[in-house]
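By written order: A, B, C and D. Residues from 1 in each chain.
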């Protein structure tokens, strides 16, 4: 066994809550163990414990961690120099955000040199070149002399992985090493972890909340929930007989699938965008984008991060006036600036924001936030608006008393529902949903998607659904538009685009989405 | 890329200086009554007044007066004191030297000391608690109180170690009269130090909490190396900027400190000039100090730019 | 009656540096003595130049650059003979220089011209190298006294203020406006070499700074010691106090053009509302001489028969109520820092007058504002006056034509007595007339002269030669030539 | 993504944090004592602060507990009386300055555009001049009457507050809830009142604390430099009695102590508040 965790409990301070409870884990050389679990379930805490590190204010309550024959946590744990020399050398860590984790003032080769120096080892450029080659980076010296900020995010992550494997450690802990990367790079990194584990004969702990990815990378899976391991086994075993309700929910969310509700009348155009170009200051982001949306239809706008999805959404909603081109509502051109649109127009198009944490005024009760739309856009009296607000909150699956809560007292999923309620309270015809699920946990994501489907069907809404997840698009949208670098690559019925992508980029996206499932 | 940033920064500085000069100039316009009469006194004849107005350009439209004034400053003609009729340049020569001596010596002491104390305080512990308490206390006190406390302690209140006032002999260079400089400089250092210590501490702490330091720690690097090899190189730029701000505190402190110690510098001259409503002198001092500060900030920012690793290029 | 008492220390031994602290030099210190209006200007004048006459240590005038000043049979003809003095460039001081100086005052309308209305510049003639004849416009018995002011220093015929060549006991070594003046002794001074071979006059922003510099050994003489700080100096080992009463005073000016001071009853009442002894005790730490609302006790003509006015708040109230005023009578007092003790003296008045039925609203303004456009319009203010003979004082501040009469008080009877007295050569007769003038002032004038200030000087024990100059402004009348250093 | 905010139930009020902050309470007590002295002082003063109670510079005695000052007045009584106007002036200056700065900052932050950029640049330029210099410049131009003094101190702060509030407003206007409010068609006035103001309020509160301290420091300094109101106040007491330090140190030390206690207390109070607000908004 490369590493063993035995009966480990970690808590906050002396008497605070337990963050990791009664944890058992065994790791063998060459094996990749995936750790899944929702946010806050204790994944990072476990990962760091494997390096004998506890965050500030955390305390070991019971149990021990033995890595590569060294007791790192426990009653007779090593400390000082011994602990220091074990870290980086026998147990290595790959951080979540490589952009922040690579020291900005060190060239890549200096980072390697520093690591060797810390462990009093001779640094050989060959080893570095070999590792760079293995992780798919240029192995030449010129590249090694670059500074971290001269690399792309994926390249930075690979450098971090190379560094972690550099001193041939027995155990590598990778904490969400793929967050913030696009789908293709994500898969590359996952494959890399698997290859390296086998080639270097190291045990790898791969932490992620991306279940599909873990199924792909891990030989063994550990599902954590509220600090406890609730499920453990091979991916296939878990897929087939998940026991814990939480795991079942996760799996259900993932398998959700399904197809969109039939569109009410796909032929009449509610909204059309003609030759939309937009930018910020001197930088042009969108180039001549054309979109159209039929009544009751759901159009998915898909694209990688930075492709201009949010910008498009804002332009449609009149929140980004710096644009040219025309936006038509039932054939009527809309003013660029929301303030210049009339009330009926403002009411017709409602925007649900990407990030639920910033979209509700933190100084206003949720109910009031919802009521304001009804007051302003429907001209209701205050009392009537508040009544409607409560009703709408109930509609989106919240409780009536949530109207009196402040946004900070709601969870992310609840907030997103509240934000949706705010949009619905206006009685809109078009709902613009900007990655409404991307900042939520997988299980919550599924609920929101189901909710959207329901309200769309019930109210006969048209919807622009923005996402970077093609699979999600398939589930909800009648048609898809693919954006890349601010240009419209292709557009068409969802099924058709998924089945026969015309553009190579779309094909790539489709392939990645398939691989993930 | 980098040169463009530098040029941009320099141009901003110049634009700021112009703005400041306009504001300072505007103060003259606010002055009640007739400047020419103020200079020449109540007995001046109409011709005398007219002649002086011509000389000072008081008959011109305001914007021409401004250009006249700025032109004068640029060509070294700092104008004539309203209260005394002496050329301002002559009036300030010795005082500028004196103040510069004190400020520079204080700066030379403050910078390394501030960094050192900041470094010491960055590591939590009893030292940090002590330093922080002292820093907080001094930060909340007016500058003159710091000076008075030193006088009470060392300048005759309790101990008679040092002269409580600093009447420099203008015929000698200031630093040839060290005993007279000790208390003013000590006060200046005490005024400026806390800002630097506090900023260095905060910057270092922020740096030590970054992901890359944490990762380096998890890769087995030692504490000392983390501080000197990782945190320090990355705070030098921001610290240079803070050091620039330190000059701001020193120059502002000059007013109160020189008054406490009866020190013949621009600060005490400023107070006297304000008492005499000698706006010409006040303006020259204000513009002078603003210029020095803008240049200091410029240098500090350039150091910040040059040490910013994000702007480094591999080649 | 030649030079001062400097002869005793004329041995040219090792250089002795006398360091004098004053409050305070200013940027406005003029090198042209005729334009001197500041402490520094007076100091420069006294060290670099000489006046024809000066007030001596006993307060009486005596010749200075002049060897003698004698009237003719009437007081409108005066003959001045000169001492054998030399300018610092080695040329002798001649009668022509004196004539040129006087003509310069009038040609350039310099302040002395305003103070000497009786001189006709066309009728000032040099009869030989050392003799000048003055034919005055009208008889003036106070001619010698009138020439004592440091602004009336004699300068060379080709005088250039940028390079001040003078006949005085010192020559200028360096001048840093507002910071320090440095002088070296004029060893060939006609009155004997000064006691110190070098003189440094250092500026301090306030008396406290100067006092601590004295006890810290940074200066040898604190020329303007605030009386409140006397004990700091006295208790420090090696230092002493030298003090003497002078004719200077901080005088309250009641503006008779403003209510309520247009009413003489109110003026008398306020005079009773001042506790003069308490002022001396509290503000001046016991240093000072009681004042009686008329000027210059050191003038031989001073009317000492007037009853000393004392604090009588009840009397004041009675005067006011009898005149139909409802108490308290509201008065605005405007003050500035024209002397270190002005502010305190004003504060004390506010307090004292409260008991006498006055509600004084004290407004402090900076000195530029004080002497600005509103000067002369304040109902009540505090002015620094003195060091003038009774006639000069009257001519400057009391008579109808006085240039500095900011009280705007006029009295025909007073003016008549004044013009009679100024032409009366006979001493007893003149004294009678002056007594009449002062009685009028005492009964209905617009000045409150609460006390005469003492000059209080802090000295290191090493300083020798200190003497009182009661009729001169500044420590020793700024005659630093008399001081020496021992050891 | 990385908005893993804790779904903690203890979002807690500011009080929740302040209650357990000993430094905050030390500051609060110090400030409270000084404020009580300033407000009730005139009632407590054993003597008329302008009356002569003995010779000048007397050491403390049974009749005058802190001795007498340069004019023989009771130091304790003057100390007790000297705070009222000082506090009023400081409060007024800070309030005026912050009000003006908040209005300016929010307007600039909400409108943006060229005018705003130019104004902002001007205010940034003003900040190059040390504050005391700025105040003195204003005094030189307008004279040093007490009201001018207060206004000058207030004016010297406007740029700083405007900067801070501008930044805070900027943070609000780039938030989605602000966009949402714009999208329902709220006018600028409503946006400012209903969206911006409530959310910059904590920043305003902290800024007000900072400006209060700075106003008091500036006023005390000016008073010490001789540009005070002319009435009894602590800065002026230090100034007029500095010469007598060796004779009667209490006349200087007492106002220095009161001033120091007050200003230090203000700082502790403000820092405590800032910490609590930060802790709350960290959620």
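Following the convention adopted for this analysis, a contact is a pair of C-beta atoms (placed from the backbone, for glycine too) under 8 Å apart; a residue touches a chain by one contact, two chains touch by 3 or more.
The structure presented is a predicted model; accordingly, all values stated were derived computationally and were not measured.
Student: Going by average Cα coordinates, which chain is farthest removed from chain B?
Tutor: The chain lying farthest from chain B is A.
Student: By the contact definition above, name the pair with the higher C-beta contact count: C-D or B-D.
Tutor: Per the contact counts, B-D leads.
Student: Roughly how far is chain A from chain C, going centre to centre by Cα mean, in whole Å?
Tutor: Roughly 89 Å separates the two chain centres.
Student: Give, as an integer number of Å, the spacing between the C-alpha centres of chain B and chain A.
Tutor: Measuring from centre to centre gives 49 Å for this pair.
Student: How many angstrom lie between the CA centroids of chain B and chain D, rounded to a whole number?
Tutor: Distance between chain centres, rounded to whole Å: 23 Å.
Student: Quick one: which residues in chain C touch 2 or more of the other chains?
Tutor: Residues 206, 209, 212, 215, 337, 366, 369 of chain C each touch two or more of the other chains.
Student: Hunt down the residues of chain A that sit against at least two other chains at once, touch-wise.
Tutor: Where chain A meets two or more other chains at a single residue, that happens at 97.
Student: If you look at chain B, which of its residues touch at least two other chains?
Tutor: 32, 156, 164, 259, 271, 274-275, 277-278
Student: Could you list each pair of chains that touch one another?
Tutor: The list of touching pairs comes to A-B, A-D, B-C, B-D, C-D.
Student: Can you list the residues on chain C that touch chain B in the complex?
Tutor: The contact residues of chain C facing chain B are 21, 26-29, 109, 174, 176-180, 182, 200, 202-206, 209-210, 212-213, 215-219, 337, 366-369, 372-373.
Student: Under the definition above, what is the set of chain D residues touching chain B in their complex?
Tutor: 121-122, 124-126, 128-133, 136-144, 213, 217-218, 220-221, 224-227, 235, 238, 242, 245-246, 249, 252-253, 256, 259-260, 263-264, 266-268, 271
Student: Quick one: which bits of chain A touch chain B in the complex? Just the residue numbers, please.
Tutor: Touch residues, chain A against chain B: 48, 51, 53, 84-89, 92-93, 95, 97, 100-105, 107, 114-115, 118-119, 142, 145-147, 149-150, 160, 163.
Student: Touching chain C in the complex: which residues of chain B?
Tutor: Touch residues, chain B against chain C: 32-33, 43, 81, 83-86, 90-91, 94-95, 155-156, 160, 163-165, 167-171, 180, 259, 261-262, 264, 268-269, 271-272, 274-278, 281.
Student: If we count contacts the way the header does, which residues on chain D are in touch with chain C in the complex?
Tutor: Touching chain C from chain D are residues 48, 50-52, 55-57, 70-72, 143-145, 226-227, 230, 240, 242-244, 246-247.
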